[in-house]
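Naming follows writing order (A, B, C and D), and every chain is counted from residue 1.
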Amino acid sequence: MSKYSFKNDYSEGAHPQILEAFTTTNFDQQNGYCDDDYSLEAIEFIRSKIQNPNAGVFFLSGGTQANLIVIAAMLRPFESVIAANTGHINIHETGAIEAVGHKINQIFTTDGKLKPSDIQNVVDEHENDPPHMVKPKLVYISNSTEIGTIYLKNEIAAISNVCKANNLYLFMDGARLASALTSEKNDITLIELSKYLDALYIGGTKNGGLIGEAIVINNPDFIADFPYHLKQRGALLGKGRVFGIQFREFFRENLYFELAAHANKMAQKLTKGITDAGYSFLSDSPTNQIFPIFPNKIIEELSLKYEFYVWAKVDDENSVIRLVTSWATKEEAVNQFVEDL
Amino acid sequence: MSKYSFKNDYSEGAHPQILEAFTTTNFDQQNGYCDDDYSLEAIEFIRSKIQNPNAGVFFLSGGTQANLIVIAAMLRPFESVIAANTGHINIHETGAIEAVGHKINQIFTTDGKLKPSDIQNVVDEHENDPPHMVKPKLVYISNSTEIGTIYLKNEIAAISNVCKANNLYLFMDGARLASALTSEKNDITLIELSKYLDALYIGGTKNGGLIGEAIVINNPDFIADFPYHLKQRGALLGKGRVFGIQFREFFRENLYFELAAHANKMAQKLTKGITDAGYSFLSDSPTNQIFPIFPNKIIEELSLKYEFYVWAKVDDENSVIRLVTSWATKEEAVNQFVEDL
Amino acid sequence: MSKYSFKNDYSEGAHPQILEAFTTTNFDQQNGYCDDDYSLEAIEFIRSKIQNPNAGVFFLSGGTQANLIVIAAMLRPFESVIAANTGHINIHETGAIEAVGHKINQIFTTDGKLKPSDIQNVVDEHENDPPHMVKPKLVYISNSTEIGTIYLKNEIAAISNVCKANNLYLFMDGARLASALTSEKNDITLIELSKYLDALYIGGTKNGGLIGEAIVINNPDFIADFPYHLKQRGALLGKGRVFGIQFREFFRENLYFELAAHANKMAQKLTKGITDAGYSFLSDSPTNQIFPIFPNKIIEELSLKYEFYVWAKVDDENSVIRLVTSWATKEEAVNQFVEDL
Amino acid sequence: MSKYSFKNDYSEGAHPQILEAFTTTNFDQQNGYCDDDYSLEAIEFIRSKIQNPNAGVFFLSGGTQANLIVIAAMLRPFESVIAANTGHINIHETGAIEAVGHKINQIFTTDGKLKPSDIQNVVDEHENDPPHMVKPKLVYISNSTEIGTIYLKNEIAAISNVCKANNLYLFMDGARLASALTSEKNDITLIELSKYLDALYIGGTKNGGLIGEAIVINNPDFIADFPYHLKQRGALLGKGRVFGIQFREFFRENLYFELAAHANKMAQKLTKGITDAGYSFLSDSPTNQIFPIFPNKIIEELSLKYEFYVWAKVDDENSVIRLVTSWATKEEAVNQFVEDL
């Protein structure tokens, strides 16, 4: 491909440190199913980073799988999930949550973020007519969201409060958690954040891993049996070492956040360049996905040199595109894009 | 770990040629979801190896997932799967098939292999009382089986005949297909085998891959929509290139079969040594899993130096153990084991 | 209960002609599972009333079950249902459709009715990003709707057109079909209506039956295997005669429509009285469910003498209530209500 | 039909006392969803008959539905059901249990009854390899069984013990419970029996009801939310009064057991006549289903005058047939059958 791609954050392989770790460990014989030395060490690193020594930490290959397994494990058949209409589980997972039996109660948002009052409304409406309606029981949020926005500390705290008041679990899709936590606007630490969550998953694939995600279960009710759920859905893999090796590198020191910081820096450079050129954005994103609005003519010309998604039509003349940066994005490409613009 | 492990064929990482391929391709930007150059090339290699240019070829991370997705895609809700009682889907996948809604009609076997007459019996019994009984619609076989045995050409042909006569789909779990096809007793080629099958999966993880399996769909009715099923179950991964790179190496030339041939050779050496020492086996396995029967005292001593599974109790004095060799098994370890015995 | 109930149309038992039919047939020995003489005769009556001699007709005990079984039978796992946000399956069936694995794509409506352009929009949106989104495949409409409105002939024809153009099945929830078809505004016959539908269910419970509904499948692809689906979901009942007897009485002559005509007449009387008293309605309902808007004070007083649901809050002073009439509603009660108002 | 039918116990309508109760209550307005006066009274009668004032009692239309809902409500996704190979859920419900996601661990029996040691074995086998195997969590037994046998008091006690020791729930399918409890060999009361059970269902349809079954939940963990499960699976019916009326008649005094006693008496008469004529039986049934073994020639001749199922082939010359008596079976028909034999 001769065009430079801002299409997504999984266009390249893995950070070289991770590939190297595969090589150096390659001939060590290890147990299967994440009972290998690397996974066990990675689990301890993660527990330490969130300051929860009792957390259940489980590795698997993908985010849709992480979402469907956590939700299937936590809910009983008649319980439902509250999510934003833009939530990944609601529109981009081919009905994976419904396929394990659960309804998603959608909340309409313009910024991809749930508000406590909306959550309370959904709960209230569903208390009108039991047992003829599903019972909302889990709140799904993503951070950063599908349109690049992030939750601030007070927003998370408020959502947590409404969850606790209504006996709802709080689950965070962290496919792009690293980008959220290292973004300029972020004001919450991973430790603080994790304390508000019953469960989250920490994305690896989109942040320089070869392949893999880490589910973290803080709620003690769902830890012991979680491996059964993983196995039943096809997520407990014999060569679990593959995940352990990656997350050990991520969290041994600070690689996980360094990679995201680079992606964010590249996105901000693009944002500044685009803003300076006089264009506006769909959302106020401090993370590695940005959504500029361009005239269709300009989009056409940019698409001769760059790959990206056309996200939505604005009007007959203008559209939103999505530009995604990553750990591997080259600064020259960013500069060139701004210049071309 | 200081003991040498014969516990499974996924104790090590990946064949070095595969790791190298990750490195050399690492910074090429590629499309996601197996629409990358490597996956596309690997798909063509596989189509060529089975001589079916129209086959659907799909990569994913694990075998349980492959089994549950193929079965969920092919069956309607009231249809069931015929499998051996020893079949992986029946006992070692935590109800994954039932979790997608389908009953497994078990056939009792001693050698892990289905016989055409048993399949016909199951079909006949279920025609007694429609619609009060499930309707068997798919036959699941594994090759090599869970106890190391393989299907010969005439056996596969006979199963295929009974399937066609009863409108049953035939699906092969090929987690250890390479070992079956390169074993001394094998008399069928991959091309011939594939022609008998509506679907199969070609195992990568247990044959020197880092992680990944390839589903092959020959039945044209199930190809076009298969990606929806993959996505819904969490198996369509953004960084599909990871699988494409591996299977491109496997099938670019002959690596896939060379690795299995080594594993088989090591297993045969063990078999010969054990036989010479006067012990017998649970099954007649020409593949990389062998099941010798030893006195418990000897098992105890062997376990001081080697890792393996104790498979089953034979009587108060003797037990079956499972020894598994792989692409990475060292000949010295095999020699040492026989000597120690 | 001393209050008169306008709470629903299943407050009483069954029309006496039906009870009598139970008595006269009681000691005839019959086959189970709707293979009895009464069911077979009822099936022929229904086929004749819709002029489709090849229709599959199946009896079962309830509407939620009818909805979930038709949808489970018609869709493959990744396919979804398009429905109004007010649709019974979407809000009042405790996630029954999701529990059999399917997502509902909601369309926001104010009158409970789907418009062809909305259906087309949902289809278009989901074609943007296959296979990452569900594939809409079935349109669910109810007639009369959950808020009493009905579909006119040209509206049904237009929906049918958009369904055919997009390969969507069209399914009608006819829990209150009798009321729709006998309402003053109706301009379509059952025969015409049925020709537009792949499937529908004809409600018995809410129109003077003791208990039971009739599913009609016009699409030949889904008839032969339908009994398996019924059985698997617990809907194929040994004493199927109970349903056959009822529907034989309904459709032997014209009882089914006579009962609904009475209900409608009573509702219209209420509507006229309420309108004359100066109140307005949530929806323009010509059927047996009407939704007047009253000051809360009046609602409070009415509730001393009558039972009904408070449907929704309008503002701090006013609310919508739901009044339902039935085959058994007494004209004096209606007159009294209007007078009391 | 001119032949007399011994095909099943649901060939006729309902006991006249029940039909009469429908008539006398017909125009009373009542709440829906089993919140009517009759259902509430019937619930109290049942609680009193089992001496558990806190039991959850829920009415629904059929047995397969009862089985699938109880099991879906009690189990988490990875948990399985232990049942006899002859169990109704295992062979005659079209995979209803698997369709709600759960594996059935079959135990081979010749008399339709589970033995404690078999249950223990299944549990032990599944503890070998967690989380790769399902976790057995509920034991399903039927009383009387599908081949007419019953559980004695000490047998139930022993099963209960093994369940408690292994944290398994015990659930009884009581489709023909009345026949079991009124059979000559029975030595346990309904009160004693119920105390051993986490849940059971009390069959109405096969014992003179028009249609309907009563689920009883003794385990307090599963009572409060049970209505959600009923609704989601389509079992919570608007006209719940239909069930309440029947069970109120059944348990107001002793009708439920009187009807079964008649059925048993008729079956015993058949058994005696057949035994006296020199024939033997498949099982030792003291209940209303008996399974004589006849030469095929005799079966052929009997089938000219009587309806019954041919249950199984014994050898080339002989087969088992099933004869079922009911509350409505006429003594003359029984006498005639014996004479004809």
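We take it that a contact is a pair of C-beta atoms (placed from the backbone, for glycine too) under 8 Å apart; a residue touches a chain by one contact, two chains touch by 3 or more.
Please read all numbers here as calculations on a predicted model, not as lab measurements.
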Chain pair repeating A-D, as identified from A-B, B-C or C-D when over half of the contact pairs by residue number coincide: B-C
Maximum centroid distance from subunit B, chain identifier (CA atoms): C
Centroid distance [mean C-alpha coordinates] between subunit B and subunit A, Å: 33
Interchain centroid distance [CA atoms averaged], subunit B/subunit C, Å: 50
Rounded Å distance, subunit A centre to subunit C centre (Cα mean): 42
Contacts with two or more other chains, residues of subunit A listed in rising order: 77-78, 93-95, 99, 101, 131-132, 134, 228, 231-232, 236
Touching residues (chain side subunit A, partner subunit C) in the complex: 77-78, 80, 91-95, 98-99, 101-104, 106, 129, 131-134
Subunit A contact footprint on subunit D (complex, rising order): 72-73, 76-78, 100-101, 130-132, 134-135, 225, 227-232, 236
Interfacial residue positions of subunit A with respect to subunit B in the complex: 1, 4-5, 7-8, 10-14, 16, 19, 22-23, 25-32, 61-69, 93-96, 99, 205-206, 210-211, 228, 231-239, 241-242, 307, 328
